[in-house]
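So, here's a batch of structures to check.
Next come two complexes built around chain A: one with chain B, the other with chain C.
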Partner chain A sequence: MTDAHAPVTASARIGRVVTLLWLPVVLLIAVFWLTAGSTNIYFPPATTVVSTIVDGFADGELGAALGYSMTNFALGFFIAGIVGIAGGLFLGERPAIRGAFEPMLNFVRALPFVALVPIFIIALGISAAPKIALIALGCLWPVLLNTTDGVRAISPSILETSRSYRVGSALRLRRVTLMGALPQIFAGLRVALSVGIVMVVVSEMYGSTEGIGYYILFSAQRFAIAETWAGTFVLAAVGYLLNVVFVWIEHLTLGWYERRAPRVRGTRTARSAQKVLA
Partner chain B sequence: MSLAETIAAPEVPPRAQDALTVEGLTKTFGDRRVLEGLDLVVQPGEFVCIVGPSGAGKTTLLRCLSGLMPPTSGTVSYGDTRVNRPLAEIAVVFQDYRGSLMPWMRVWDNVAFPLQSRGMPKAERRARALRALESVGLADVADQYPWQLSGGMQQRVAIARALAYDAPILLMDEPFGSVDAQTRFELEDLILRLRAELGLTIALVTHDIDEAVYLSDRVVVVAGRPTRVIDDVAIDLGSAREQIATKATPRFGQLRSRVMREIIDPRYRGSQEERND
Partner chain C sequence: MTLSVTLRRTGEARRAGSERSKLSRVAAQIGVIAGAIILWEVIARSGVLPASLLPPFSEVVVALVSLLGQASFWGDVGATLGGAMLGLVTSAVIAIPIGLLAGLSPFVERSTRILVDIGRSFPSIALLPVIILFYGTTLPTKLIVIVLACSFPLIVQTIYGARGIEESIIETARSYRIRFRLYFLRVALPTATPSIMTGLRLATTVAVLVAVGAEVIGGLPGIGQGLAQAQLDGASATAFAYFVVAGTLGFVVTRLAELLEARFLRWRPSDND
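And then the complex of A and B:
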């Protein structure tokens, strides 16, 4: 409590920024320095890549590709979030149905979704819809499985208390089950975020004429190496920014959870994240 | 809160209209019979402690009393109403206060949450929660989170929640089992005072014989395998109690000895293996 509310002095703030940023800055300088004047066709000078990015946005090509991809991503992630949380709450509250679903869930979890790209494109065509479906499918499982685990991890005394105080089922779902599972729902959404970015790229590498994944692939096929790097860096930057925004939203939503004793929170998120990545 | 404070007799008539009655209550888990043929009546305004050894199924009994668990046979009723689900007239304070308070709700919200189900507007809920918190001496922490409070304070929040629920009957399951001795005495006196001020009817389950005798008008001793009622002791210590003086009276010692003798009586004890399961 006391630490979080203590006034931060200007010098302390500068110190913190330096601690956080010295390594990225050093690496960035190193990249520019090492690639300066490079004649290696695969590793063009960083300045060339930067100017390609600037030009790409200026002539609208890169911006359009990014816009297309991010729209697909947003829709797919949103669908996966809604379906995953709703489904996870449902399965988490009903052990009998969960038992019936469990073998299937474990099978699907083991399936590499990238392998589904060709069949989706063949079956659904090369429009945006199959891409959104692929992104949603990839993002769904971490959210669904984490939500289910989160609901199961809610202390039985909390549910018993709600029951003995006659809390109605709609209110319980909203203020007890959902809130109790929220830390793990966020852990699932965070995994889904990185899975989603992978699915965006992969879905555009097969039977596509638009998007940032297509931009990277098409540039590489034309041996436009600077463009290939440009697309890759833009994608990485967007992924990083999304993660920053996500952490910020999580922090706003889960303030109560983060400020609890570290031993309580550390174990739970770490465990669930591992489970999904395993 | 001083420890040497005398808690006077009930000041208001009991709010409960009817007795809480248990008839022939039997509870079986699989092929293991936990409770057998329990009969028990808690009269309006009475403070009854149910005391028994660990593992005697006291929590099971309380869960049946609160309507959280259906009995295998026998009945629990409040007046003419069968208690086969939680009733609005019965509030429960659990042993596990840490688990029964929701860490994502502020203290006042925890206390007021059950009222939300009744469609009470937020301002009114908060006002009621603050009144209940005030009566347990915690009005100043209403906007903190439960995990920022000590164990004893958390249990007082749980008591405030039961008060805000405004039920005439309060069921308590080892409510002071996990706090230190001094906090325990303070909470015991708090409950006695609230009961006197609000006319509550209380059934409290405990393994602590001193606590049972000190608090109650009547001690029901349960023991055995399966658990039965083996004694029903009227506690004639007068209605005013005080931690040091009451416990120093010869009568307190006699009552305490009687209950203890029954609880450790080998006739009511199962084998060690059975007791540990």
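And then the complex of A and C:
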């Protein structure tokens, strides 16, 4: 808590890195140590899992599975992002239409879209298109609803100022509405990120012959447990990396917002934190 | 006096006006829902989409009514809800103490940060095939997946809440040498409660979602399995009826959690910024 204000010396910086890393490292060593020479079929030696990951990427199987999943994810997430932000800006700017759609949207956002997986895949087959549609459908609502809320939360005085300066509607949409809603849009996109990964995995486990979800499921069904763990760890690593990259992009884009007075930021993040996943 | 009458009149006029606008808003809302249902029916009847993808609304209603009369359906609802709630309670018991400790101690928070970040970005449902190997398609399997999915957001919200204790309160507690147990229960927990309640509300939604997802993939008994089975049998109207039920369940559970949150936090001064 106080370390933000203390002068950052070299030893303090090392201390911070050490406190950040010691527990994960200890756990990792413990896992390697406890599973070394393991004959339990459910918990193969961690070294075996690591070599399975390396081999999997070397012979292209794991890489291909990951590529398939990430392509589907990227397409679905992109579609949801475009439609969600556009729709959210539209609804946010028009209170009458927003009010009319409110009860329906409240119901739609409570729908567990994973349940659509069997409906889509049995109706449309196991190709990539239904999966992309499912991912997009799952990701859409958090983006749409958060964007709407973000536009609504823009201070009226800002909108009045832009009106009294006769800022053109295209410019206002781009520089006032979009920018004002951006923090909340990012909150929505971050929720969509985790929803999207769940949709990727579920759609591939339900019906697929490709992808990381299929890789995990298929290897578990063959009792190839080392491969199941390998796929699971790769997925965990990718999920974590996606989040890290996302936070980094958010930081680059919202640097101006994060540098604002802490009190204002605090109330706003408290509000957006409550909207997360809601 | 004339002034006060005028004022009262304009007040009444405004109130009547706002009532009228409220009425027209409700009418618009009903219109949107009715429009969506008509659109659904027309698209489904037109044959643009495969019937197994979007059965007509009217057939879904018929299927829903017949579902409501079946005991196995209520068994499915019970299995989904029961699993979700049990998983939620379990993850609350695990996550709230961890989150409080991490929120109180910067050392614990930094030490666990990477693990928490990995845990919350991991789709726990991917562990389902492994857990099924251990426990089969039983309740523990479902619970483990739900607990894994709910715990991390809850830990994050609890940390967030416990870190908000004001410096002056910490100092006061320290200068009175308040023991840790008392501090934990009487200072940290109440301060973090609003944020914990938010976390619980989010976790409720996640719990229902993950329960349904696990049922769909793992064939665990519940709404998700009922839906998948109906769609496999070609009864897509029934599958959609299950989907509507799952949505209603999610909606009701989330609303209940919101109401509980509001009721539980009445003591707290409103923070409508």
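Methods note: the second predicted complex is superposed on the first by the 260 of 278 C-alpha atoms of A that agree within 3 Å, B and C clash if a C-alpha of one lies under 4 Å from a C-alpha of the other, contacts with A are read in each partner's own complex, and residues count from 1 in each chain.
Just so we're on the same page, a residue touches a chain if its C-beta (ideal position, glycine included) is under 8 Å from a C-beta of that chain, and two chains touch if they have at least 3 such contacts.
All values derive from a computational prediction rather than experimental measurement.
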Does chain B (first) or chain C (second) touch A:Ser155, or do both, or does neither? first
In the superposed arrangement, which partner chain does A:Arg175 touch: chain B (first), chain C (second), both, or neither? first
One more residue to check, A:His251. First (chain B), second (chain C), both or neither? neither
Which holds for A:Arg13: it touches chain B only (first), chain C only (second), both, or neither? neither
More residues of chain A in touch with chain C or with chain B? C
Thinking of the overlay built on chain A, is A:Arg163 touched by chain B (first), by chain C (second), by both, or by neither? first
Based on the superposed arrangement, let me know which partner A:Arg222 touches: chain B (first), chain C (second), both, or neither? neither
If you stack the two complexes on chain A, which partner ends up touching A:Arg94: first (chain B), second (chain C), both, or neither? neither
Overlap of the chain B and chain C interfaces on chain A comprises residues 1
Contacts from chain A onto chain C in the complex sit at residues 1, 3, 16, 19-24, 27, 42, 96, 99-104, 106-108, 110-112, 114-120, 122-124, 194, 197-198, 200-202, 205-206, 213, 216-217, 220-221, 223, 225, 228-229, 231-232, 235-236, 239-240, 242-243, 267-268, 270-271, 273-274, 276-278
Residues on chain C engaged by chain A in the complex (per definition of touch): 25, 28-29, 31-33, 36, 50, 52-53, 106-107, 110-115, 117-118, 120-123, 125-130, 132-134, 153, 157, 160, 163, 195, 198, 201-202, 205-206, 208-209, 212-213, 216-217, 223-224, 227-228, 231-232, 236, 239-240, 242-243, 246-247, 250-251, 254, 271, 273
Residues of chain B touching chain A in their complex? 66-68, 86, 88, 90-92, 94, 96, 99-100, 102-105, 113-114, 116-117, 145, 147-148, 161, 165
Quick check: in the complex, which residue numbers of chain A touch chain B? 1, 155-158, 160-161, 163-168, 171, 175-176, 179-180, 182, 256-257, 259-261
